[in-house]
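Got a structure for you, written out below as structure tokens; questions coming shortly.
Chain naming follows the written order as A, B, C, D and E, and within any one chain the residues start at number 1.
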Amino acid sequence: MPKKVGRTYKKAGLPPGTLIHIGEIKNEHPAVTVVDYDDNNLSIEKSLPIKAALSKKKDASYRWINLDGIHDSNIINSIGSFYGIHPLVLEDIQNTGQRPKVEEYEGYLYIVVRMIYFDNNINEITTEQVSIIIGKDYLLTFQENKDNFFIPLIERISKGISNIRKMGIDYLLYAILDLIVDSYFLVLEKTGEEIELSEDSMVISPRPETLRKVHGLKREMLYMHKAIWPLREVVGGLQRRECCLISNTTSIYLRDVYDHIIQMMDTIETYRDILSGIVDLYLSVASNKMNEIMKFLTVFSVLFMPLTFIAGVYGMNFEYMPELKFRYGYLFVLMVMGVCFISMILFFKKRKWL
Amino acid sequence: MPKKVGRTYKKAGLPPGTLIHIGEIKNEHPAVTVVDYDDNNLSIEKSLPIKAALSKKKDASYRWINLDGIHDSNIINSIGSFYGIHPLVLEDIQNTGQRPKVEEYEGYLYIVVRMIYFDNNINEITTEQVSIIIGKDYLLTFQENKDNFFIPLIERISKGISNIRKMGIDYLLYAILDLIVDSYFLVLEKTGEEIELSEDSMVISPRPETLRKVHGLKREMLYMHKAIWPLREVVGGLQRRECCLISNTTSIYLRDVYDHIIQMMDTIETYRDILSGIVDLYLSVASNKMNEIMKFLTVFSVLFMPLTFIAGVYGMNFEYMPELKFRYGYLFVLMVMGVCFISMILFFKKRKWL
Amino acid sequence: MPKKVGRTYKKAGLPPGTLIHIGEIKNEHPAVTVVDYDDNNLSIEKSLPIKAALSKKKDASYRWINLDGIHDSNIINSIGSFYGIHPLVLEDIQNTGQRPKVEEYEGYLYIVVRMIYFDNNINEITTEQVSIIIGKDYLLTFQENKDNFFIPLIERISKGISNIRKMGIDYLLYAILDLIVDSYFLVLEKTGEEIELSEDSMVISPRPETLRKVHGLKREMLYMHKAIWPLREVVGGLQRRECCLISNTTSIYLRDVYDHIIQMMDTIETYRDILSGIVDLYLSVASNKMNEIMKFLTVFSVLFMPLTFIAGVYGMNFEYMPELKFRYGYLFVLMVMGVCFISMILFFKKRKWL
Amino acid sequence: MPKKVGRTYKKAGLPPGTLIHIGEIKNEHPAVTVVDYDDNNLSIEKSLPIKAALSKKKDASYRWINLDGIHDSNIINSIGSFYGIHPLVLEDIQNTGQRPKVEEYEGYLYIVVRMIYFDNNINEITTEQVSIIIGKDYLLTFQENKDNFFIPLIERISKGISNIRKMGIDYLLYAILDLIVDSYFLVLEKTGEEIELSEDSMVISPRPETLRKVHGLKREMLYMHKAIWPLREVVGGLQRRECCLISNTTSIYLRDVYDHIIQMMDTIETYRDILSGIVDLYLSVASNKMNEIMKFLTVFSVLFMPLTFIAGVYGMNFEYMPELKFRYGYLFVLMVMGVCFISMILFFKKRKWL
Amino acid sequence: MPKKVGRTYKKAGLPPGTLIHIGEIKNEHPAVTVVDYDDNNLSIEKSLPIKAALSKKKDASYRWINLDGIHDSNIINSIGSFYGIHPLVLEDIQNTGQRPKVEEYEGYLYIVVRMIYFDNNINEITTEQVSIIIGKDYLLTFQENKDNFFIPLIERISKGISNIRKMGIDYLLYAILDLIVDSYFLVLEKTGEEIELSEDSMVISPRPETLRKVHGLKREMLYMHKAIWPLREVVGGLQRRECCLISNTTSIYLRDVYDHIIQMMDTIETYRDILSGIVDLYLSVASNKMNEIMKFLTVFSVLFMPLTFIAGVYGMNFEYMPELKFRYGYLFVLMVMGVCFISMILFFKKRKWL
């Protein structure tokens, strides 16, 4: 997860509702998509200028406006005043460091979630804020990136698959949340594979590269946990709403999304436990290896030190050293050394150091 | 627990209720068992084709349909449309990564639990998803494997043991849950024995194999915890239901199952604490052993270094080295070495290094 | 706590209420005691056969039946059918791995607690399951062991001490719980003393035996925690009951028992924290000691290596080595060695290694 | 905190309400103080015998009886029967191992708190149980020690400072709790200073004495946590009481005490986190130091071993060793040694070991 | 965070409401600012003497009095008696160790929060207590320092930006809280950058300076956690108030502040997890490095010890050592040494030590 931990907080001390885009600009040319649909009618318009999009005659019961790219405060502002959105909501849409949440306002709900996907361009997991506003007959979505993540949904609507057009705007909200949550699984699965590889290579031979890899994976899991944990409250809250905007039929579908999230939380927790276990194992195995090395060094040192000493003694140049004159002195010393050596080896065998 | 952590999520982006089997196919030839029973009547039919099974005349008050093998979407779909089951339920039946849960729908409950047993073929603990749907007068069970795990129950029904036929379909649900939970105990007991063996061998002599074993046991306990923890909510929820489908009489029996689960949670927690304690003990004992080895090395090095140095000094070839000419030079140096040696040994004795 | 972690679960797959004794048989000859008492009347009969005991005319308002030894299913069954006890309760009475709990049935409460005491025969802490059933005017107790743990209570009743006979059967329940909880304190106190000894010996000189001792104590505390934690709910639940079977007067006494349990939980938690602290201290001190040993070895090696090298150089046998011919060559080399030695010592002093 | 962890539980098996003093006898000669006061009247009598104290005519609206020394069961009993106190309360007053708590009885509240102060005589932090009973118009306090801790309050009453005499007996309760809680701050402050000293000395040079000191401080914080944590419930409970004995005006004052306790809990938690951090730092720094020492030893050994070996080779006494005869053999070998030495130093420089 | 952990508690034993300033005096000359404002009127008076400030005619609907510097009990007292503030509140205003909290009194709320900012003078993060009292039409703020932190707000009021003057006094409370919370972000961001630097330098080469830095950052995060955690309850409580003093319109704005706090808590928690991860990584990498060093030492020692021993053997001065006379003895021994050396290297290669 490459995202920098700190983010520039340009807004300290400004009055509330001041619209400034906060975050990396991921899309230079914002694009508006307007989808009007119901059971009988359908109209999809891409890349309209914002004015045209808002003033366009509504061709069906439900209107979905999707904006790709959020750094242009004018566009946000136009949409906001057209639908009467609270300035604090507009502020949050542009401030991309939001935590997943749902906020209730008069006549609409404001929902923030995060998409997580593997960006093939930079070869890294990337995260992106998605803001959703749902009213009685309209739904607004705001993505950071140029690419429209919701194209599969537009296709489902245009082809009329799985009665998405027969159901209300709240079912569209469900479909969006489901799409986002499903995309998490792909990331989780990839991580799961890497964890297994790391564990296997750790059990076979503990190496510092693997440790650094595990450290990175722990970090990724930490970020995923932070992104998904509040999402649980968001979807749970939507599903349990007793009144308005979310129908009972859709509620059952939201329970399914909630179920997926719980499952992911579970998996993430398991992954974190496993990763901790791997680090523990590494430390244990490393400490064990150290022991082996120390034993080896000790055994070797202890084997040769006395022998070298004995050789040193008979290398002294004293004039009067009777042993040196003995016929079998040399042989005897060699034998003493041999006995010394063997008895020490037996000693270590007994101590199970060899 | 050999199951891979990651699982292929083939469904990302598909509309809800699309039936695709997700998971390993454990049974190539799904088998349907239909049991019609009440106090007076009984009819057991095995391996009927699904059409015949569903159109078969109901011979008694209660019908229990068990399906072994869930990868065939057609069969699932037939049963689903016959009993009016929600598509999301059918989806979950085929997706074998479900977390234990209970979901209420109009007219029936959907329950997911997991069986855990020791598979003698692969010599490993195995886990299997069991889906249960209970309606007013019918009960549907879906197992992954070819083997019918519920044969003891069918026998109890056919022999009329322990008034299982005198009580309602909810009592059958209880009997199934009890059977599954009881099977956990066998696995737990086996693990308990392995833990004790590991601990004993750790206390006697800490070895890396034992450590790896303990790591594996910790992992197993982690998975069992994850499988049993949500089961607690499932059974607790069923037992506390105030209305419909579960009678008061059965509720008392479910409390007994709940009690078993609590007991298992307790045991698992204890096992995890014990396993952590073993790892701690290992590290402490290993660090202690290291200390011993280091002391040994140090004592030995320190004993011989000065002696070898002295020998080295009198091995020098200077022409003018008066000591070399002394009659008792050699003897004197040997005595100096001896004194040196003994006093160092005394010093280490005082420091309790020897 | 010598009890094996795993216990044989013979019952997997049997219908509920099948009476089989599970656990070690601690008493070959079960003994029944019947105490009939009220303010004016008293009758105590020991070791009656079960039939006689149950058919005996009730001599007073309250009857207390105590059974020592629970492996005989016939006896349990006789008592059960006489008082109309649910089969699941009878099952739990014989299954000695129960977790402390209270279960409400129509007309009676079923309570499981555990006694913990130091068994002088095997020199170990022992745990025993006590099952209690309290009805309107009767109380049934089931102990595993031959020895009747409740003899002090029978004496209090027979001597009429502390108005135990003036109060209802619920006060007898209190008296039993109080007796059991009080016995925990004795065990805790013994453990407290051992912990203090361990800590003292750890601070003075860390040794692996102490570590193993601490490991054992941690284990004991773990088991005590597991036994006492659910007891808290049991007594708390009894004390807060608003209706029937437990009177307000007795409720105040139960609050006192509850208070004792809270105090013990507190003490156990403190002990566990202290034991963890001791292990941490051990590791720190051990790592410190290792440092000392390494420093010592390093200093010694570093002091002698260069000296030995110099001696080695002048032990070479080259024909042309001018220094060897110098009049004061030997003296000079000795002085060089001395200077080398002293300056290294000063260096280490500066680095605070000496 | 010098108090022994274990305490003698002399009462196991005795009937409830048996009055036996449990704990160290801190005061041989119990002293009774009787303070009668209201807005207009005041009478303070010290060291009356208990009979006289109880039978003394009440001179004002409120009576406060303070007892210093609790080992004499007769005195406790006299007070208890005079005011109709429950035997379990009297039992707890004498049993000094109570956890802070508040218990409601008919007509009065029983409160247990603990005083913590630095005892200059034994140079150690000391803890003491204070029992408080508050009725409609009387307040009873029981301290373990001879010294009356409440003298400042008696002075405030006698001088009529801060309208203590204008308010009810519940305000006196507040004043006592405030006095006790304030005294905790002094102990905490002292500990805070020691923690800072320890941390500074740890950062500069990690030494085992500091570690032992930190261990002691952790232990102290553990005890303070245990004493203060339940106090929070006690004062919080008193403050939230809706009915009787505690007036609304006093409730606001109790909230202030509650606030102090929360602040202390916060500080204690911070201290514990800091102390843990210090230990972690110690281990890290120690491991780092070990690394340094090992590097030093390794560098030195590696520098001299090959040189010593070369010298050894040319110290061999073979007859045919052509190098020995060379004119510049010695010089050449010295140069080889020098090159060897320098290149190894460069190697270590590159590896950043020097 | 330079603030000393302990703080002088001068007040132990004093009656409640005694006004004594506790904490460092940060401002010798307290300054009073009075702002009277509503939609149409505005009057800003700086540095009035307190008497004049309080007796000044109110020029508009709302009055905001800000005091910079709180050590002068007279000023606090004057304001307190003018607005009828409870003595305990005045006490807390002067006691700068308060934990963030909100207390309800009749007719007003008392709120304590803490400002955190980077003090450029002392180059350190500094914390400062801000007390706020909000009544129906007045707001009182008390800062420790001479500098008025609220100047941006006064400017917004004087310029009438963002309808601050159109809304009630509760909106001013919101604006103040928002200003304070925004300032936390700046500190968090700075810390975030330092954490990233530390992590990078840790991954590249673990050094004790970085470790000490990380220790300091952990400490800072600990303090920020302690300051922000209770703030969450404060703002959450204000936002959820159902009655009086806080209007519904302002409540929505307070929810935004609450949201910011949750986000900060999240970030702080993440930072703490990351910092822990860095320390773990350090220890792992250090242990790995140690292993490398030990291996190196062991390999070197083991390579040269036998060679040196062999050289020592042939350096002995025995008269009868046949090998010494051999024509190719020297050559042979050199070859033996070479073979020895190479085979040991191969052995280490096989063991992956080289």
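Here is the rule we use: a contact is a pair of C-beta atoms (placed from the backbone, for glycine too) under 8 Å apart; a residue touches a chain by one contact, two chains touch by 3 or more.
Just so we're on the same page, UniProt names per chain: A, B, C, D, E = Magnesium transport protein CorA.
Since the structure is predicted, the reported quantities are computational estimates derived from the model, not experimental observations.
Both copies, chain B and chain C, contribute mostly unmatched positions to the interface they share, with under half of the numbers common to the two. The centroid of the Cα atoms in chain B and the matching centroid in chain D are 42 Å apart. Inter-chain centre distance (chain D to chain E, centres taken as mean C-alpha positions): 26 Å.
For chain D, the set of residues that touch two or more other chains comprises 283, 287, 290, 294, 297, 301, 308, 312, 315-317, 321.
If you sketch which chains touch which, the chains form one closed loop in which each chain touches exactly two neighbours. The cyclic arrangement of chains, read from chain A in the direction of chain B, is A, B, C, D, E. Residues 152, 156, 161-162, 164, 175, 178-179, 182-183, 185-186, 188-193, 195-196, 203, 252-253, 255-256, 259, 262-263, 266-267, 269-271, 273-274, 277, 280-281, 283-285, 287-288, 290-291, 294-295, 297-298, 301-302, 305-306, 308-309, 312-313, 315-321, 352-353 of chain B are the ones touching chain C in the complex.
By the touch criterion given at the top, residues 4-9, 11-13, 15-18, 86, 88, 91-92, 97-99, 101, 103, 105, 205, 208, 211-212, 215, 218-219, 222-223, 226, 279, 282-283, 286-287, 289-290, 293-294, 296-297, 300-301, 304, 307-308, 311-312, 314-317, 321, 323-330, 333-334 of chain C touch chain B in their complex.
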